[in-house]
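Each chain gets a letter, A, B, C, D, E and F, in the order it is written, and its residues are counted from 1.
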Amino acid sequence: MVKAEDFLFRGLDKMGNTTNAVGSNVTAVNVNQLPGLNTFGISMVRIDYAPWGQNAPHTHPRATEILVVIEGSLLVGFVTSNPDNKLFTKRLEKGDVFVFPEGLIHFQQNVGKGYALAIAALSSQNPGVITIANAVFGSNPDISDDILARAFQVDKKVIDEIQSKF
Amino acid sequence: MVKAEDFLFRGLDKMGNTTNAVGSNVTAVNVNQLPGLNTFGISMVRIDYAPWGQNAPHTHPRATEILVVIEGSLLVGFVTSNPDNKLFTKRLEKGDVFVFPEGLIHFQQNVGKGYALAIAALSSQNPGVITIANAVFGSNPDISDDILARAFQVDKKVIDEIQSKF
Amino acid sequence: MVKAEDFLFRGLDKMGNTTNAVGSNVTAVNVNQLPGLNTFGISMVRIDYAPWGQNAPHTHPRATEILVVIEGSLLVGFVTSNPDNKLFTKRLEKGDVFVFPEGLIHFQQNVGKGYALAIAALSSQNPGVITIANAVFGSNPDISDDILARAFQVDKKVIDEIQSKF
Amino acid sequence: MVKAEDFLFRGLDKMGNTTNAVGSNVTAVNVNQLPGLNTFGISMVRIDYAPWGQNAPHTHPRATEILVVIEGSLLVGFVTSNPDNKLFTKRLEKGDVFVFPEGLIHFQQNVGKGYALAIAALSSQNPGVITIANAVFGSNPDISDDILARAFQVDKKVIDEIQSKF
Amino acid sequence: MVKAEDFLFRGLDKMGNTTNAVGSNVTAVNVNQLPGLNTFGISMVRIDYAPWGQNAPHTHPRATEILVVIEGSLLVGFVTSNPDNKLFTKRLEKGDVFVFPEGLIHFQQNVGKGYALAIAALSSQNPGVITIANAVFGSNPDISDDILARAFQVDKKVIDEIQSKF
Amino acid sequence: MVKAEDFLFRGLDKMGNTTNAVGSNVTAVNVNQLPGLNTFGISMVRIDYAPWGQNAPHTHPRATEILVVIEGSLLVGFVTSNPDNKLFTKRLEKGDVFVFPEGLIHFQQNVGKGYALAIAALSSQNPGVITIANAVFGSNPDISDDILARAFQVDKKVIDEIQSKF
């Protein structure tokens, strides 16, 4: 039996806890939190940024993202695919809207003086998030440092150092 | 040549002019305003509501909508399809998120004391908007009052009266 | 176990009962009546029209419709979305085919002397039907006359009168 | 500039010429005849059958078909894919509706005394038709009889005989 | 619980048994063999060909195919839909890649001296295979020879002869 | 005018040049090389691996990949999305098939004694490739080391070192 509650999620006005390594917090409202989104191809997130906090480079494997700045100033960017790997960046102020195309690596950094806040929507009810640092250097179990040392063309001990942080 | 500007829209922080018959204003950011959205199946709108203003009953022919209240209190609702025509409503406060399923007739009404503001996203880069009153009673040219009188089971002069407003 | 019966529906030759307020009747053959349609993105309807009967303004939230006149003469029309709200109409005779684009408000009216009959197909196995008058003025429970009076820019008593019919 | 004519096709009431080898005729109304169908995923056909005529085994590479008998009696069937190759058949009378799943080989045969008529809809604006006999034995140029003799496990002269008819 | 085994299929290096009427063998790796493919819209096959063996004319009702020759020489072809029924053919050598568009009838024949091997991928996790000879002349139960004789414009005894082989 | 050449690509038997930093080479056959793939949702690649070479961690923003080992032994893996970041790995031998789900970070490493060869197919005619190291540390222009130092939780000089390699 369908009911109005299935279409309602309360509390996106609550600031997330940004006391963490990257200084940001994402509150997701997708099909896991809001069952009424099922099959509808859309979801929403709130992103809080401490001063100089960032939403670290990540991808959404199944969605494009459209983001609007509610408070503060953000430097945003995404990188195109091979062979160009071109970086597109913009400084966004309150009320600016930006698009991160499906599957591309992107990030936001708070470049204002205070806290920043953005609302974003994603073109899937289950978009997924792959934070590059966590997936590459913090997987369970670890990807072998042998593979990563060659992939990133650094010494294994550099890889080990990064892996120790995740 | 793709460039960062294609993915940027500025100015969604500007309050829309709600001095109109229904007391609301929608600022759209879809593929017409933001070409970088092309093929990506998502878009965004800002909705301003004067006190007791409403976003009158309407449908999006090609999109589901997810809405978050940024300021104020809204009564929101949608009606299911035949044969039930069941009305689902909720009173939303700041931070509440609601879903309007694809193609269904829905509305929002400002039920707080001051202005209200919502941000919504739609699951199409070109969702379309059909405001029921405008499409049914204000089309160009008019649908004949003969048809509408029977459809709405009222006298033609009632239809003529409504049509005269649109 | 799939069987031939899953792909068969009998009886679309039976004229529907058009003794009702609008003088028309729709017999649907979608996934609810014909399980073999599941996932296939198509369905069919038979529409009967008493003399001067109409299939009142409605939308299909998930489908485009293609209609062919089997008997009689129909005035058909649809209205485009905002901001144009342009009404497209044609008078159809036996053998004429017309398209109603996905999600747009459309209608047919019998403008011949006798009964009329159309067969239509829809681009979904579960297209849905939203009859505007029923959804807006006959929902369960009612949309408040406060909201509708402002949306349609008439007095509440006009709204109440229409609501009393549905 | 979109106009009402783009959504209109006239003349599907005209009986097709069934004086041909198989005794049937298909009149198509797809995006080639009716440009308003573009991107909408639906189209329509009229099928006429002379007494004992057939719409010979064929597939639609991009569509499911739903068919209703308007006049007469039809034996209809489709064959499932490997490894079962199961034949599903039904005798249809006026008003019966049947589904031919996407891409499967199917056929109709007039098994009544007079002419028969069906209207069918397809889940693509450009469904395509592959008549098995024509594609396999009447392609331009011919598929070599060497290949077909082995595929159908008969002598090349049998293949040559069939190829000579197409 | 998702596990790595769901994404693994072993043994596509094994040559299939080509000792059969057409001299070829298809080893399929689709969602039936490899559950991790579910919803992902892709699958793979290995095709072995004895000298002068063929993968007889067939269609995939839900997929386009891309094929690469690993060993040997193949004559490949597909036939376009009505009304052209145009045959496109190419002789492929090791390393050549060819595309068979969705739903079209196509075939491959080993035209080299030894065994041939191809790997192909299909744009569905459940593409289906309809071998024309088997579906038309070897269905269970048989399509009546009455229908097939007229469809292929030969004597019923020719049909009966072909049917006796399947 | 469609012609057979549009569906043909020659030369996937040629070993790619693996004399590079990661010891692997990808030869792509997508819609850029093979126009007949347009709209068909599939493409193919050949991947060569020098001894101990790797196809470094990367994603395809618009495709799932299915890979078969033609020669050699590969260690393959992919990492699930947040919050689990679970690493799935398997050692593949000749004839083994593996699936890399859409948008997830994955890699292959040659763990045999000689060269290795794989053929893979992707569920898009234009899947895209994002090599993590190149996109994150080798974009044009660079992502600021400020952002990356915090994202990867290492000193800027470590970031600078990695960036200097790309």
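In this text, a contact is a pair of C-beta atoms (placed from the backbone, for glycine too) under 8 Å apart; a residue touches a chain by one contact, two chains touch by 3 or more.
Quantities reported herein were computed from a predicted structural model and do not represent experimental measurements.
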Query raised in the report: For the interface formed by A-B, which of the candidate pairs D-E, A-F or E-F is equivalent, sharing more than half of the contact pairs by residue number?
Result: E-F
Query - Inter-copy rotation, subunit A to subunit F, in degrees (Cα atoms; steps of 5) - result: 180
Query - Geometric centre distance via CA averages, subunit D-subunit A, whole Å - result: 51
Report summary line: Distance in whole angstrom between the CA centres of subunit A and subunit C is 44
Report task. Could you put a whole-Å number on the gap between the CA centroids of subunit B and subunit C? Result -> 22
Report summary line: Each of the following residues of subunit A touches two or more other chains, namely 101-102
Query raised in the report: When you draw the chains as points and link the ones that touch, which shape shows up: line, ring, star, complete, or other?
Result: ring
Report summary line: Chains encountered circling from subunit A by way of subunit F, in order, are A, F, E, D, C, B
Query raised in the report: Okay, in this complex, where on subunit E does subunit F touch?
Result: 2-4, 7-14, 29, 34, 36-37, 40-44, 46, 64-66, 68-70, 78, 80, 88-90, 92-102, 119, 121-123
Query - Interfacial residue positions of subunit C with respect to subunit B in the complex - result: 21-23, 54, 56-57, 59-62, 77, 79, 81-82, 84-87, 101-105, 107, 109, 128-143, 146-148, 150-154, 158, 161-162, 165-166
